[in-house]
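In the two complexes below, chain A is the common chain; its partner is chain B in one and chain C in the other.
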Partner chain A sequence: MDNFSPQSWNKNSKPHLFCPGCGHAIALKQLGYALDELGIQQNTALGIDIGCSLLAWDFFNVDTVQTHHGRTTPIMVGYKIAKPQRIALAYMGDGGAYAIGLQSIIHAAFRNNPVTVIVINNENYGMTGGQLSPTTETGVKTTTSPSGKDTKFGPGFKGPELLRQAANEKAFIARASVSNPVQLKNLLIKAIKNQTENNSFSFVEVLSICPINWKTDADQSFQRLKEMEKYYPIGEIK
Partner chain B sequence: MPDKKIFITGNEAAVLGAIDAGAQVMFGYPITPATEILQGWVAKAELSSAKAEVNTKLQYLQTEDEIAAGFGVLGVVLGGKKAFTASAGPGHILLQDSLAMAENLRLPFVGIMMQRGGPSTGTVNFSQQEVNLAAFGGNGDGLRIVYSASSVSELYELVIQAFNDAWQYRFPAIVLGDGYLGKTRSTVLLKKPNQLISIYPILEEKTDATHLRNCYSSEESFGTVLKKNIADWNKNKSAIAKSETFQTEEAEILIVAHGLVASAAKEAIVKLNLEKIKFGLFRPITLNPLDSTPLKEVATKIKKIFIIESSLNQLSRIVKYELAGLPVEFIEIAKPAEGFTPEEIRKAINDQ
Partner chain C sequence: MAETEGSIIDSSPRQSEAQNDTNMELATIKIILAGEGGQGTQTTAKILSATAAEEGFEVAYIPSFGVEQRGSPSIAFLTISSNEIRYPRFDKADFAVILQERAIPSVAKYVTPETIIIFDSSTVSSKTFRAKKVFGIPATKLASENLTPKSFNVLVIGVLSQLLNLPAEKTWQMTVQTLGKKFKTEEIKEKNHQIFLLGKDFKLEEDNFTEPTFVPQQGAIETKGEGKRAIIIPDHCKSCGICIVKCPFGALSFGKKLGLFSMPIPEIDLKKCTACDICSRFCPDGAISIEKEKLD
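The block that comes next holds the complex of A and B.
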């Protein structure tokens, strides 16, 4: 193992199982650096959703529970009630966050449950082979929108902007991108601090790439990511 | 202070049972006929919060739905505290998501389900149609402990038992009641437990991290986990199983019933036994696992078994599976989602 990997990573689970070029790995690396920098590896519990995110079930040397689709938020809300001194993170994809698990995230934000939700938005259901997700933008081809996503299925779903309307005033909500790892790490740190210092809800959406299902090479993947960043603005949202 | 008699409803008894079992957190969503359990717990928590220490205070969350309630319970037990939810009918269906996870990951989930009839609203007071759901719901094999309470005081006792068994054997535990039981007020003498099971964090907080998952990369690796779970179930099921027999010594005909139907059957048997033919009752207290040893002992001595229930043969299938091969005649009397009076039971038996 090299010296460039986060200390909080579980070295035994590397090399990881994500597809070549997957954005999850970039996000999880920055999450690892965030845990290292805050020195909270021993004091953190991580919840992992179903879908590609499940491949992170043993990614860190951090207590981890991999749960059911869309249920990572309520399980970490419960955990935090039992363990208020520990840090509760919930990690999931855009389907888990904005389709099947949205209700729980809105209410956690609304109640200001002190948990940190991290959502990897790559505009598709990756594990099942690249279906349309709520965040898929208009006109984008997926296996369930073979002619391009029709407007009748809605445009790309803006989760952080929606949550801002419902969240408690002390909540922290941001959007980052794997195109800018330093900013991503800093936003993750700020989000975790909102849990530890303000005992409040926090949420970071991470725009990410999915070369396998997008059928893009490295360059095309980051080109498309740049387009995504125009529709989904990066930065602190609340 | 000696225990004294009190006049309470079944739902109030369930709350007291959870408190006396050492539960600290309840998650719930309002639903008839279980709502009073949530209300009762919140009232106790409000009373306790002023004087309680952080480690012992009662907490609650009224969640956005029963799915979140069930997973909230799992989150708390991962942190090492006793937690539970209470629901009914359609809420019980939504709780199957978290129950399936509890079953596979061996998490000590406790649920109190006050059965109601039919889908959605249906009727809201009485049914025994949630037996299949409690015991075999979810995409697993039914490694859940399911109790059926037949009186207010037994509901209290079984809630305590559910916490003890869930944490001792690490299988989810469900206590079944119904709306009549939940809302019936009766005079009870509650037997407080002498000793409670000790608890511990399941996400362990050791130097080496705990990794819990329900995703497996091969059929064999998942099969290994399931084999261990099933072996643990088989090893412990006779210790978990509970039943009551009533007037079975002289019985020529056996009645099998659970919950409030069994209470009515007991009353019917007292009258039936004034006549020449003698009846006895086998009342499963756990529907899963079934207390098969005493059941078989009684069943081998008789020729005819009436299985009486307020569902279409949900209990009957469990009982007949255990008694397969015995030369016994089974007569199923099923009135889905309708109750039985003792007189109706007596008449139904005499009509056969």
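The block that comes next holds the complex of A and C.
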């Protein structure tokens, strides 16, 4: 037996379409291990957003839905209402979650819809070439902020902290990082269990790396991730 | 070089349409560049079209690529003409520049028996083509021998500037202007200039093509010893280097074998390895696996 990748990965779609060193693939690997550990591969539906997250369309051997930009959460909420015995995962990037799709997530958290939302935060819009996103920190250079993000655009957007204010008391909200995959996997398991056992909303933000658009190598990417972790604290938030 | 270049240009079916005495013999040249996202296909096309436009030619350039930033076919349709270009798309290419074998299916329908094919003979097998006029240039091999495999596109720009009769100095200036920031030091810039000149003066291979040695290693690389077994899958490895950075014992380092993007992949020193499985936990591509062998 090998231990290359989780059993729930679709081996036929590998090598996958993400860039070299992409944090999405590290996060999806831990999600795969979480699905394996819970044994819910046959019982899960994954909704994916527009952006780099859509490259996960054939990543797993689970039912996958491609949704409109920012509308992954409401579609998976609808799916869960139609099929309450299934497990609904909504997977998206920071643009889809905090820019175009924020109202959907806030209301899902407010209504306590039993879905698990996973947000990959790499501080930019990766697919279109690394533009400024709501989570970009002040002073960070991107394609659309060549001299660094101006203070007038505000600091990096803290999604989980915002959702904590609106969410139902049963909701589970956490932030993890690809620099600690085991903790990430455990938080994902906890989030999925909050959906299945407590029938409640759960939300995990995953701090991620984007070596291609950050123009960093592997070492520099993880150093920048470390800086990000100082601004975006890791752990269970609610 | 001059003879080779002449023979390619002369054999074009469009020569009879040549008008206006310019330094290009053709009225219209249609070029299709086929590479992979991240290789610099679009940048190459941009530099060539900008230089041709500065030379007073009419130019049309259409990029075509998928949603991924890396690894999917990236095609550039380039038309250079001394007349007005009425429609930028075309069905039959005069030149097809093939830089990546995986991009060939996407351009096959634009290649006719008359199309002149120029391909990277160090990454693409010459047996792939059935066309009559096939010219090879071991671009990746030459680039990695002289600098890094990444600068092979500068070499391709050199080759194409010569084929299209664009002035070498102006093409190089345009290359510097476009890639400016990437040449971080004067030394790198100078080395790239040498590679550009190497491409400009390269005599294209007409037969006796270079063996395509710069291709991903097939199968799995298995290393055994010290009671451990390590497997690395080269055609899954994208050479991101995360396993090397994350290994707490420094057991991994870039070796000589090549992975999916024709870049070096890691090799493992099992004497330092403790089979802690951190590399496998991180590897975004599921390309590495290490386990302790069971004792009998």
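Here is the rule we go by: the second predicted complex is superposed on the first by the 235 of 238 C-alpha atoms of A that agree within 3 Å, B and C clash if a C-alpha of one lies under 4 Å from a C-alpha of the other, contacts with A are read in each partner's own complex, and residues count from 1 in each chain.
Definition applied: a residue touches a chain if its C-beta (ideal position, glycine included) is under 8 Å from a C-beta of that chain, and two chains touch if they have at least 3 such contacts.
Values in this document were obtained by computation on a predicted structure and should not be read as measured data.
Once the complexes are laid over each other on chain A, chain B and chain C both fit without any clash. When the two structures are aligned on the shared chain, A:P134 is found in touch with neither chain B nor chain C.
Within the superposed three-chain model, A:A82 lies in touch with chain B and out of touch with chain C [touch as defined at top]. Within the superposed three-chain model, A:G159 lies out of touch with both chain B and chain C [touch as defined at top].
Shared-chain residue A:G95: touches no atom of chain B or chain C. Once the two complexes are laid over each other on the shared chain, residue contacts for A:F4 go to chain C alone; chain B is not touched.
In the superposition on chain A, contact is made by A:Q103 with chain B only, not with chain C.
In the superposition on chain A, contact of A:W57 is made with chain B only, not with chain C.
Contact with chain B, but none with chain C, is seen for A:Q66 once the two complexes are overlaid on the shared chain.
The least CA distance from chain B to chain C in the superposed model is 5 Å. Annotation: chain A residues 54 touch chain B in one complex and chain C in the other.
Touching chain C in their complex are the following residues of chain A: 2-5, 9, 14-26, 29, 54-55, 126-127, 129, 181-182, 211-213, 217-219, 222. Only residues 38, 67-72, 231, 233, 235-236, 238-242, 244-246, 260-261, 277, 280-291 of chain C touch chain A when the two sit together in their complex. Residues 10, 42, 45, 50, 54, 57-58, 60-68, 71, 73-83, 86, 103-104, 106-107 of chain A touch chain B in their complex.
By the touch criterion stated above, chain B contacts chain A in their complex at residues 24-25, 27, 59, 61, 63-65, 67-69, 71-81, 83, 97-98, 100-101, 201, 203-205, 207-215.
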